[in-house]
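Residue numbering begins at 1 within each chain, and the chains themselves are lettered A, B and C in the order written.
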Amino acid sequence: MKRKVMSVMLSVSMAAGLLASVPMTAGAEEVQEITWMFWDDLEASEDNITKGFKEVIDRFNEDYDGVYHVTPITTTLEEYYTQLNALVDADETPDVFIVSPGPNLTDYVAPGVAAPLDEYLEEDGWKDTFSSDAVFAQQTYDGQIYAVPLNIAAACVFYNKEIFEEAGVEVPETYDELLEVCAAIKDAGYTPITISAGTAWCLSMLAGYLCDREGVDLDAINSGEESWVNDKTIAAGEKLLELSQYFQETAAGDSNDDATAALYFEEAAILIQGSWAIGQMNGANPDFEEKCGVFQFPAIEGGNDPNRVIAKSDSLAMSSSTESPEACIALMKYFTDDEAQRYTAEVGGKIPVTNVEYDVSVAPAQLADVMDIFSNATGTFGFYNESLVSSDAGAEFDNEMVAIFQQEKTPEEAFQAVEDWYVEEGYR
Amino acid sequence: MDKLLRDKKAIILFVAPALILFTVVLFIPIGTSFYYALCDYDKTTRSYSFIGFGNFIKLAKDPTMRIALKNSLFFLVFSCVSQLIMGLLLAALLTNITKGRNVFKNVIYLPCVLSSAALGLLWAFLFHAKVGINNLLANFGIQGPAWLYSTSGFITLPMWVIAFVSLWQYVGQSMMLYMAQISGINKSLYEASYIDGASKVKAFRYITLPLVKPMIGTAMSLNAIGSLKFFDLIYSMLGDKTENLKMDVLATYLYRTGFSSKGGNHYGKASAIGVILVVLCLLATGIINKLFKTENYEM
Amino acid sequence: MNRTAENEKPIKISTILIYVFFCFMMVLYLAPLFWIGMTSLKTRAEIYKSPFGWPEAFQWGNYAVAWKAGKLGIAMLNSLFVCVVTLILTMIIGSMAAFAIARLKWKLSGAAMIYIMIGMMIPVHCVLIPLFVRFAGIGLNNNLWGLILPYLTFSLPTCVFIMSGFFRSIPNELLESACMDGCTIYQIFFRICFPLARTGLFVTGLMTFIGNWNELLLALVFVSDDMKKTLPVALTKFVTPYQTNYDKMFPAIMIAIIPTIVVYCLFSNQIVDGLTTGAVKG
């Protein structure tokens, strides 16, 4: 009788299996099916870069109709890597997936999940279309390139020209001038700086700039030659605290979106943000485009080279277990072709990775300024939270910066906490 | 007859699906969870290595865990007490009126059947720093408090806000439970007490309350488990801001430790939090059942 | 219960106070819902500038945009599929087990009941990780069946508990006469007991359906494919670390809760009483 039970159970589970397969897409005949994983919703998103990616996908599927077909898998940014890891564990690694350079990419390069791309890049001059070999710097491991960058965003200071005029101040070039500017704007009745501490990476970006301007040597800290607790980091922490008196009152709870809105609704004068925010600002309030200026994050006197810029690129990696590398490469090429790159500049507000010509008059007014800053930069560095030993270390750094802002910890205590974390996790 | 009811084949056929499901989807994973809790999970190699109580020792020293535990216990106590008081009050008042009783009852119960995720988004907007209630207050020249992002105090303001929102959403459930119990009380008891000159308040104290007591146990255990599991509302109201705002509860901390891109993928540590959660649930229901010894009640 | 007393006396102050109190409660409960309706018809700038005002012009287009952008149609179908399948399976498997435990005679029935009841006290969180890891391994993540299995399992205890109560209350004579007529045990269950426990099934069905319809955590963790997301997950997508689309979020909330509200209004008495019965027995 047990056998009968088993057979009932089996047939039930088989029926379930049959049903389960129904919602899946019908099997492909000769079309090479690939998947592409991305961290934003292609339909719902208002992000211009995302919209551009959707166009690329649609264009690819249309042009290669009957040959290749790509199906996007999308998640939220928050859960992206978890879901990606789950797919990797299930041996269903998406054929092509987006990834941030830095420790996140390393997580896929080290166990061999991502495939080296050099042979494809060398082929038919694909690599030559890129603006320079330097764009691959963060994607290269032991001389081999494991991901293709799609765009570059630079973090700059956006400001409201009208408010600056009203307060009678000029663009600050040094940190001390920045403080004076903030004081004058506060007197004029505006919020000097709008920032989100609710979304920790926004605050962490400012902290990263301050650390770099102070001359913090991140490589030495990561490798253990130096401690997180040193004069430079503490000075940066103190400056963060000093600037926080000029933040909007609701900074602690505001999301990134709220903080950006305060700039384009002209309540606040200064926003430190990546250039991806340009599209969002101009889209939400078109009148703001001409009032919006951009400047380089100010220098700290006696500190580091003030022409260094925080840059971040979205990159695509290819699964080493993909069955159709040709389709994957063809897809990647669509992301870096002239049409996609022109869109990146003209609509997306990010810096293209190729030498594409684009219409400056169509591109957002702010992009020219960003390009200026970027081309004059003597060097770039990544987001601090993406440049540490692991993504967890980045999260720890973010949290300690928020703790400084909320005055729960002094800068010494906060950086000591990061150092303790390194010790505890065995990086020392 | 007796032979039919002892038919072994039938018995197995009837209970096997449920028991197999329970074993496969619930008990084996719980066992695995206890095992994972004693392991360290390596993200890059995706492997587990046994480390004994390492995760628990780590959690004991973890300030976020302390916050999560504190907040969860606060939710537990707040929800048990507030649901008891409000639920009983609403039930007692409702049984005292006849006209409109159904309407009131149904409206108050309504949020119980709605999605917490949806209602959370609504309340998050109403308690937004600028646009919601604070915008209304600003019209009268009052600066509204930092409803959802104040971090001062032992139990922070956002915690109270969310606790009250959950009371708002779920008090209907307790109210209905108590109402069912109160309407089951024999009316002659009240009539006798009124003849003896007892006031309504006294009747409530000496008749209603003792007779409702067994239901208090049931309702409170439901509240206790519900508040320890508390996730939907807080996640939809605060999203990924819980950590920096010191607003974590056990469920959100477990979720983030296990699944978030920011500091996630620590399956071992997350399982340890899960184990603590189960133990708390069992403890809470045990204690409540001891306090309000439930007699058998049939509808 | 005090009807006689109330009718004899003139309206008392305490009664007026009770009504005032409940009117206040009505505002507290209905105003937010009414207000989402208003806000869902505003432009984004309006939402920021005058969140409590009357909309300048009704932006019905918001709904279309939210419906399309949030893929709410698909999300709703997914939710419906998951909930209906879970509902049916729970009722069948649950009442079968309940029948065996309540009416059939075997030694371990008490133990089986306890085994199943433990499930009521265990929150789903603690099996989240093992299930996620296991499901990822066998391709059940990103699959609606991966949601149905745990939903089913966690709906069973309540179902078994409620249904066994109903089966116990069926008089013995009825079963005996059926037995005399030559019914098999299966016929007794499917033809006699199952239909007799209609009320119980209705209650169980309601609890299962509503609980799973609103479930967020499992759905959030197990499904990343857009085409397989359930309604609560689709809603949370409107708030991301990068942006909050209020003008899409409010219509989406409305779209998500209106069906529930409509069904609730139609059957409110049955639902409220049914759910309470369920909870009391559970």
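Everything that follows uses one rule, which is that a residue touches a chain if its C-beta (ideal position, glycine included) is under 8 Å from a C-beta of that chain, and two chains touch if they have at least 3 such contacts.
In this text the structure is predicted, and so the values were computed from the model without any measurement.
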Chain whose average C-alpha position is farthest from chain B's own: A
Higher-contact pair (C-beta pairs counted), A-B versus B-C: B-C
Chain A and chain C, separation of their C-alpha mean positions in angstrom: 39
Chain A-chain B separation of Cα centroids, rounded to whole Å: 37
Chain centre separation (chain B, chain C; CA means) in Å: 16
Contacts with 2+ other chains: residues of chain A: 77-79, 89, 199, 255, 258
Multi-partner residues of chain C (each touching 2 or more other chains): 48, 132-133, 220, 236, 238-239, 241
Residues of chain B whose C-beta touches two or more other chains: 8, 13, 17, 239-240, 258-259
Contacting residues of chain B [partner chain C, same complex]: 1-2, 4-8, 10-11, 13-15, 17-19, 21-22, 25-26, 28-30, 32-33, 36, 90, 93-98, 100, 102, 104-118, 121-126, 131-132, 135-136, 168, 173, 176-177, 179-180, 183, 187, 190, 194, 200, 215, 218, 222, 225, 228-229, 231-232, 235-236, 239-240, 250-251, 254-255, 258-259, 267, 270-271, 274-275, 277-278, 281-282, 285, 297-299
Residue numbers on chain A that touch chain B, as the complex places them: 1-2, 4-5, 8-9, 12, 77-82, 85, 88-89, 107, 110-111, 197-200, 250, 252-255, 258, 391-392, 394-396, 398-399, 402, 406, 408
Residues of chain C that touch chain B when the two form their complex: 1-3, 5-6, 14-15, 18-19, 21-22, 25-26, 28-30, 32, 35-36, 39, 47-48, 50-52, 93-94, 96-97, 99-101, 103-106, 112, 115-116, 119-134, 149-150, 152-154, 156, 160, 165, 175-176, 179, 184-186, 188-189, 210, 213-214, 216-217, 220-221, 231-233, 235-236, 238-239, 241, 246, 249, 253, 256-257, 260-261, 264, 268-269, 271-272, 275-277, 279-281
Parts of chain A lying in touch with chain C, wherever the complex brings them together: 16, 19-20, 23, 40-41, 43-44, 46-47, 72-79, 83, 86-87, 89-90, 92, 199, 201, 255-258, 261, 265, 280, 284
Interface residues, chain B side, partner chain A - complex: 8-9, 12-13, 16-17, 20, 43-46, 128-130, 146, 148-151, 239-241, 243-245, 258-265
